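Structures follow.
Okay, so chain A shows up in both of these, paired with chain B first and chain C after.
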Partner chain A sequence: MSKFTESVVSEIKKDYIQKLLSQGSRLDGRAYDEFRKIEIVKNFVPRACGSALVKIGNTQVLVGVKIEPGEPFPDTPDTGVLSTNAELVPLASPTFEAGPPGEEAIELARVVDRGIRESKAVDLEKLVIKPGELVWVVFVDIHVLDYDGNLFDASALGSIIALKNSIIPASKFNQGDDFPLPMNHYPATVTFAKIGDNMVVDPNLDEENIAHARITISSDESGRIHAIQKGLEGTFKIEEIKNAISMAISIGNKLRDEYILKGD
Partner chain B sequence: MEKIREIVLPGEEIILGENKPGNGIFIENGKAYVEYLGVKSIKSGYVNIIPLSGKYQPQKGDKVIGKVVDILSSNWVVDINAPYLAPLHVNDTPWKVDFGDTSKYLNIGDTILAKVMSVNEVKQVWLTLKEPGLRKLQGGHIITVSPTKVPRIIGKDGSMIKILKDMTNSKIYVGQNGIIWVEGTTESILQVVGAIRLIEREAHIIGLTDRVKEYLSKPKKGE
Partner chain C sequence: MSGMKTDLKLIDENGKRIDGRGFDELRPIKIEAGVLERADGSAYIEWGGNKIIAAVYGPREVYPKHMQDPSKAVLRARYNMAAFSVDERKKPGPDRRSIELSMVISNALSSVVFLEQFPRTAIDVFIEVLQADAGTRIAGLTAASVALADAGIPMKDLIVGCAAGKVENTIVLDLNKEEDNFGQADLPVAIIPRTKDVVLFQMDGDMTQEEIDKAMDMAINAAMKIYDLQKDALKRKYFSIVQEDEQ
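So, the complex of A and B:
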């Protein structure tokens, strides 16, 4: 019952949010290009190789990294393996159901995975133990704990922070000393929702529910775009995409400096 | 006269004395016990437990705000934030609705101000719109609070709600189910929402009215 009623969008709320946006403000008083308050707890799970708890407003995501030796894929014998998985647990929202991952969870995992993989954030070539036979396999597990919109950015941020703080447990598997996971880049992901003719960064749940279109852009520290994912049935104009890309790069740089690289 | 309100725990024994057991009390082996965490109140010969939190428990005669979530040929299904969805039958509306024409009057996502016509033993609810003032709500904004905070938002004899209305120059309707409809300019809506969140957060601290007044006299942004 709740899954069904939660997904019905109240017309009054929809009109009000659109009216506010057309007057230049948002439901929670943020600017269009402003994120909600971000809180990060590094190494939240002591038994994982690396982990991070990320809160963006009321959205809460826990990311854990597990690293163990395994066989490489036959077509890439000289690189390690990266595998990303996302879990939308019923605890996080009345609209999530138990069972095998649905479309949303798969999309989330793929978007996060693509941001990390295509930017070559993790130096997979350094993860080879014996070419063609044994490499380090990196599992990134995204656990959504509380859903209040913008899972993409929360999960991507959590994943990159968890990976950055990961230690490869080599001694446990008799492969020499433990060492930190080799990283090349630190991509940051920024999601926009299009509501009416306005584009907003970091949509909360109410905004996400009424959005026509969504675009997620992942960029690295040199301003290169590594992944773009467009969602929902609405459309974007070319200028809107160009604008979104330049905003994603500048906001991404801010996120990177403030949260990903902080503490170095 | 301000009495200190007694907080009671589930399973705690209640001495009824000359009073009768009301809501939130069950009898076992001739003794009365508390059903859930709440505050004890004695009113017109009944001992009631007012829950500290929880979902809305519909009572006959309550005016509630609900969201239409489904349409049938002669019914609408309304979410009133209660344990069960509440049906509204075409006969209980002021309109003359032909069979199958329900969607001409109310659609999915519409919001209505309705009255709880009846509640049966298993808490199933029937709603009605047949009374002056009950209608489809349009414009403004909807927010949800815990139903247990509704008395605080209304205040003693409606004092708090009057402050909110007068100081922000807006229309406010508080449903007994914790759904609040606010209409006014966008700035005044933002102010009301902020004030309601303040009431929700600090309802238990003395001097609430003054703090709400102070909050409303300052310009604010956002929730």
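So, the complex of A and C:
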């Protein structure tokens, strides 16, 4: 679709979506605080140390974790290293282009990274092989396969599930027996889009295309907040941010119970 | 938050911070408008140890051409740190952090500029961090909005911001370098001062919902004071021009 036809379609849809929202409903019949159907396939890529394929509605994201020995950062010699990367590969959307990560991919990776890092989800202190010299380096790679909105939550969910199921391949590097990646916490990430004066959770692509502001909030199992990112050019009222935070905590708790902790 | 550990005492027994400030006290801030000859608009800000210069070029032709928008101007902010601006030399050029910050700053500024008045053009905003001392994105954004006004670009209002954070389990305003490195959370906010609409909001670290509410209110109150400094800077420049004309 050309930029032009895309914008015409979105003008018509925009009016319709907004009209529905003002009457209290969404295009796909969901409540404002309702996620689309979520499906998880753990260990989709057995060659990775841990992986998860996450579907939220028609959005599909595959997250793979690779762990290998490497040097620690000079300012944190006694902790392992966590590195998060995202690729918006062109097979996932007609609007994605090949090439090095653009600003959207970088923002996506950094927001997911902050949710994991700041909640201390991975116990990086247990990833030291030789203090100051050799530690385990954990690479989280987010591969977007089908973009139908809300990449933030799909990527964050895929990342935490992939990490939770990761095994450190110690024997391959002559560092003793393989062992599960040590985890402390399980953050859950919830994104809202603001359309007109309405806030909806888990925006699909149609909703994302007409949203003027977005906010993504990561919280842990005790309701503590670890990362927030406001996105897009639009604005929020202070009260809207406060409400979004309380909703993100309760919706995040449900996501964690149903999808992250399930199957233990 | 870099999560580094320290034996440093960030808040002393008298409730003073490492640089002697109280919990809700700003660092000294100085803003000057119109500091560059060639740019269409510019501003310089000193905020604590931060020294940041912002310049605006445009509205002007868009290169590369495919970035043109037939319905409005594109506003592109570029946040850049000088190699010598931080303790350890920073490799020159954009990194992932500066690309993200450029994006959130562009979004924040776009919310107040009347972009639809200049279709098919670019408004370029360059923010150069000459010396960094924590809070550079907000200081850069605060200077950039003065530079836009100095360039005569029509805007709904200026944009102004401030950060608050958490240090030794206490909510404090406007973190300095040590507090940023060793503190528990950082929460930069920017608003449209007339409506108090939030245009930039980020948070990382560890905070409860109540702490976030408190930090947000503290940062917004402080931003309103900085708004006065921005207006003063613009008045100083243009008042002096009027005086020269009258002589």
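What we mean here is this: the second predicted complex is superposed on the first by the 255 of 264 C-alpha atoms of A that agree within 3 Å, B and C clash if a C-alpha of one lies under 4 Å from a C-alpha of the other, contacts with A are read in each partner's own complex, and residues count from 1 in each chain.
As a working rule, contacts are C-beta pairs under 8 Å (C-beta built on N, C-alpha and C of every residue); 3 or more make two chains touch, one makes a residue touch a chain.
Computed from a predicted structure; not experimentally measured.
After overlaying the two complexes on the shared chain, residue contacts for A:Ser250 are found with neither chain B nor chain C.
When both complexes are overlaid on chain A, the residue A:Ser171 reaches neither chain B nor chain C. Once chain A of one complex is fitted onto chain A of the other, the partner contacts of A:Glu233 are limited to chain C, with no touch recorded for chain B.
Contacts of A:Asp28 after superposition on the shared chain: chain B is touched, whereas chain C is not.
In the superposition on chain A, contact is made by A:Glu107 with chain C only, not with chain B.
Once the two complexes are overlaid on the shared chain, A:Tyr16 sits against chain B while remaining clear of chain C. Greater residue coverage of chain A by touch, when chain B is weighed against chain C, goes to C. Shared contact residues of chain A with chain B and chain C: none.
The part of chain A that touches chain B in the complex is made up of residues 1, 4-5, 8-16, 19-20, 23, 25-30. Within the complex formed with chain A, the residues of chain B that make contact are 67-70, 79, 84-85, 107-111, 137-142, 181, 186, 189-190, 221-223. By the touch criterion given at the top, residues 1-4, 96-97, 99-100, 102-104, 107, 110-111, 187, 192, 195-209, 212-213, 216-217, 220 of chain C touch chain A in their complex.
Partner chain C is touched in their complex by these residues of chain A: 75-76, 103, 106-107, 109-110, 114, 117-119, 215, 223-238, 241-242, 245-246, 249.
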